[in-house]
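Some structures to go through are shown next.
Here subunit A shows up in two complexes: once beside subunit B, once beside subunit C.
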Partner chain A sequence: MAAGFKIAEPLEYHRSFLKENCRPDGRELSEFRTTTLNIGSISTADGSALVKVGNTTVMCGIKVELTNPLVEAPGKGFIVPNVDLPPLCSSRFRPGPPGEQAQAASQFIADVIESSEVIQTEDLCIERGKLCWVLYCDMMCVDYDGNVLDACIIALLAALKNTKLPEVTINKDTGSTRTSFCVFDDSILIVDPTAEEEGLSTSHLTVVTDEKERLCVVHKPGGTPLSAEKLQECIGRATARQREIQKLVDKVVHSVKTAQ
Partner chain B sequence: MAGLELLSDQGYRLDGRKATELRKFQARMGVFAQADGSAYLEQGNTKALAVVYGPHEVRGSRSRIRHDRAVINCQYSMATFSTAERKRRPHGDRKSTEMSLHLKQTFEAAVMTQLYPRSQIDIYVKILQSDGGNYSVCVNAATLAVIDAGIPMRDYVCACTVGFVDETPLADLCYAEEGGGVSSLALALLPRGGQIALLQMDARLHQDHLEALMEAAMTACKGVSKVLDQVVRQHLQEASVPSAE
Partner chain C sequence: MMEVCGSTNVSLREFGCEQTLLSRPDGSASFVQGDTSVIAAVYGPAEVKVSKEIYDRATLEVLIQPKVGLPSVRERSQEQCVRETCEASLLLTLHPRSSLTLVLQLIHDDGSRLACFLNAACMALMDAGLPMSCLFCGVTCAINADSEIITDPTAAQEKESRALMTFAIDSKEQRVMMSYTKGSFSVHELQQCIAVSQKASENIFQFYRDSVRRRYSKNL
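Up next, the complex of A and B:
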């Protein structure tokens, strides 16, 4: 009976839960789904990570190659992120060239990498003007249940920590985390939306913070207006989430190192 | 062929296996929530994911609708980080398109499409790590995914790639063996009736050796079918335990 109601009136179905201050899967409005992390599973990639945020699963693989640096920036290497949302992750995606969502996601992650200075591109230079590293970061979603970009960033971070450049030891980078919020019905704020919730919400907000608790990116693409206090609240929650994720990534990286 | 000795005098291969030994097999079914059926399979170092959506209404061109059976749509792709060299074009290139077509033809032979007229079944396979035998691992993974989706099939579809070295057939080739000038043959079999769904060989082989190679391939496929059967039964047992409580 509930299943029929859910399909016929999805908005009412979600509203009835939100009235009780919880969500259909039993979470609180500000609760995140369980996040699990696995690194170094793909041996053909130079660094790899698999992240599951609830049901959303993203796999990130990093390949390093050598190339010539740009003439305008002879002392810098490149980081090339690429987000792939293939048709196997959800029936909403069709086979063919990358759609809007995938391309926008790739660009967003490129911006985050640049603004948060996760990796100093100067570190990727081997010989000024002649040779530098290029890091191809391919994030592939294999199961889409909302909040893909959060999972992508976590996967990217973890994979970068797992990557070893030849002749240069393990990458040192600062950790940054992204938190997604959705606004429902102009006023209710929920965190870590599932695919259905994303589709029904009236606006989105994304906050990226780094480990020094500075803001890197705040992104609110249109939708219903948001007050300044709500924004501050979101930033506070994002910082808390940042600490959780940092602990998780460090724990996993540490366990991999001790296992080797 | 200087350097690599594919089969030593004692009968051991590069990775220590005997000639008829299959690689280590690990599989999980029902790994993804969004898909109707999914499976993850590892054969040695080759890792593949298979996902099935359907049967559902035909999307895209209405001209593809068949009035008496379901249309099977396959897409094979490799992750860019799956090979030693980064793969520039993971899908859309000729090799992927050929593989997709082979997969489609293989499954059209096995799936009972006449039970679902006017609909479409999507099978997506992605190789996460490539170490030889890509086609076979894809077929095995896709079989598990189709079973997980509850779509009826005539029989398991088991596949194996075999090669011929030093007068001996080698079962389940790895990447080094495939490339080393070995005549390789890929076989997809419906084991119970011993019926061949797909046979592919594009290398030079003397006619006299063909029989021995086919025998080895059939035996290897039957071995694979036993493992697949075990995986399915275990998955069903695990799935039925919570509901029994």
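Up next, the complex of A and C:
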């Protein structure tokens, strides 16, 4: 009966849960799914990480290469992020060139790297005007169950921590984490939405904060308007989440180091 | 017909707008903010490709064309922002299984281009006579090295800024529909920028009103 109701009236089905302040998968409105992290999973890449947020799985591999810096910016290296949403991860993606969502996600990650100054591109320069590093950060979604941008950032951050450049080592991370929210029926706010919840919600909001609790990105691509109080609530939740993730990444990095 | 909006307390550059300047689209508008200039054209409601058909509402497609070259990843992400803002204000359920296309051509970029895209889009949608639940406008704020907030910055001011934020504000309750930020800033600065943008939006909506009123008073 419940299964039939879910398929026929998905919005009503979700509303009946939200009325009771819980969600179909048993979570509270502001509860995240379990996040698991594994770093150094790809031995052939220079740095890698695998992140699972509930069912959503994102793999990040970092390839390091040498290149010539641009004439306009002789003292800077490059970070090239790329998000891949292959048909494997969900039926909503088709084979062929990357769709709008994948391109928007890549641009978003690039903005986050630039705004949060996770890595100073100046540090990637080896010989001014002659030689610098380029980091190709490829994030591949293996299983799409909503909130893919959160998973991408965590994977990227963990993979960067895992990356070691020969001779020069980078470790100027400021570490940033993002939190995604969904607005349901214009008023109810939920965090860490699943794919189903994303599809039914009226608006999305993404907040990225760094270690010093400064905001790096407040990204809300349209949708229903949001009041100042709700925004404040989101920022508060995002900073709390930032600390959780920081702890998780540190713990995994530490455990890998001790295992070596 | 061109109008100019004099700025009062929040400093915005000179605005200009012309509607129905193209003959082929169902609605068109050019929007000028200082030296930044955009032309918007709306086609629809028209027939939709089967693969893009949505059974209970219209499919909105936004295309952003840069001044030179092909649209890149940056344009894609701005397209997404403009599209989702328009989707929230348009009453798309009134035209199920049909397509709306909004084309935004950048003529000249001198800062605040996303805000200018949004303003041009809103004027073009209005010109096309599409039913909307509210109007929206775009405001860009830059925070410079001295922590001063500059509204509607030029390209040079954008380059010098520490943080850059663009908001879409709705006309009904002046709440934030869209936000796109660059650079790092504190929570307090974000709230200040939102407050400034809401104030600036009053001027922009007044400009919308004046420019539409002037247009129709000439036609009658």
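Here, the second predicted complex is superposed on the first by the 258 of 260 C-alpha atoms of A that agree within 3 Å, B and C clash if a C-alpha of one lies under 4 Å from a C-alpha of the other, contacts with A are read in each partner's own complex, and residues count from 1 in each chain.
Definition applied: a contact is a pair of C-beta atoms (placed from the backbone, for glycine too) under 8 Å apart; a residue touches a chain by one contact, two chains touch by 3 or more.
If you're wondering where the values come from, they're calculated on a predicted model, not measured in any experiment.
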- Query: If subunit A is used to align the two complexes, do subunit B and subunit C fit next to each other or clash?
  - Reply: fit
- Message: Going by the contact rule set out at the top, does A:F93 touch subunit B (first), subunit C (second), both, or neither?
- Response: neither
- Message: Is A:A45 touching anything from subunit B or subunit C once the two structures are fitted on A? First, second, both or neither.
- Response: first
- Query: Counting only touches as set out at the top, which of subunit B and subunit C does A:L231 meet: first, second, both, neither?
  - Reply: second
- Query: Centred on subunit A, what angle do subunit B and subunit C make, from Cα centres, as a multiple of 10°?
  - Reply: 120
- Task: State whether A:W133 touches subunit B only (first), subunit C only (second), both chains, or neither.
- Result: neither
- Message: According to the stated criteria, A:F32 is in contact with first (subunit B), second (subunit C), both, or neither; which is it?
- Response: neither
- Message: Taking the superposition on A as described, I'd like to know which of subunit B and subunit C A:Y13 touches: first, second, both or neither.
- Response: neither
- Once both structures are superposed, the least CA distance from subunit B to subunit C in Å comes to 9
- Query: Can you list the residues of subunit A that meet both subunit B and subunit C?
  - Reply: none
- Residues of subunit A touching subunit C in their complex? 100-101, 103-104, 106-108, 110-111, 114-117, 202-203, 205, 210, 214-228, 231-232, 235
- Note on the structure: Per the touch rule above, subunit C residues touching subunit A in the complex are 73-74, 76-77, 79-88, 163, 165, 168, 170, 173, 175-187, 190-191, 194
- Message: With touch defined as at the start, can you tell me which subunit A residues reach subunit B in the complex?
- Response: 42-45, 48, 55, 57, 59, 61-63, 65, 82, 84, 86-91, 94-95, 136, 138, 140, 142-145, 195
- Query: Which residues of subunit B touch subunit A in their complex?
  - Reply: 31-35, 45, 47, 49, 51, 53, 56, 59-60, 75, 77, 79-84, 86, 90-91, 122, 124, 126, 128-131
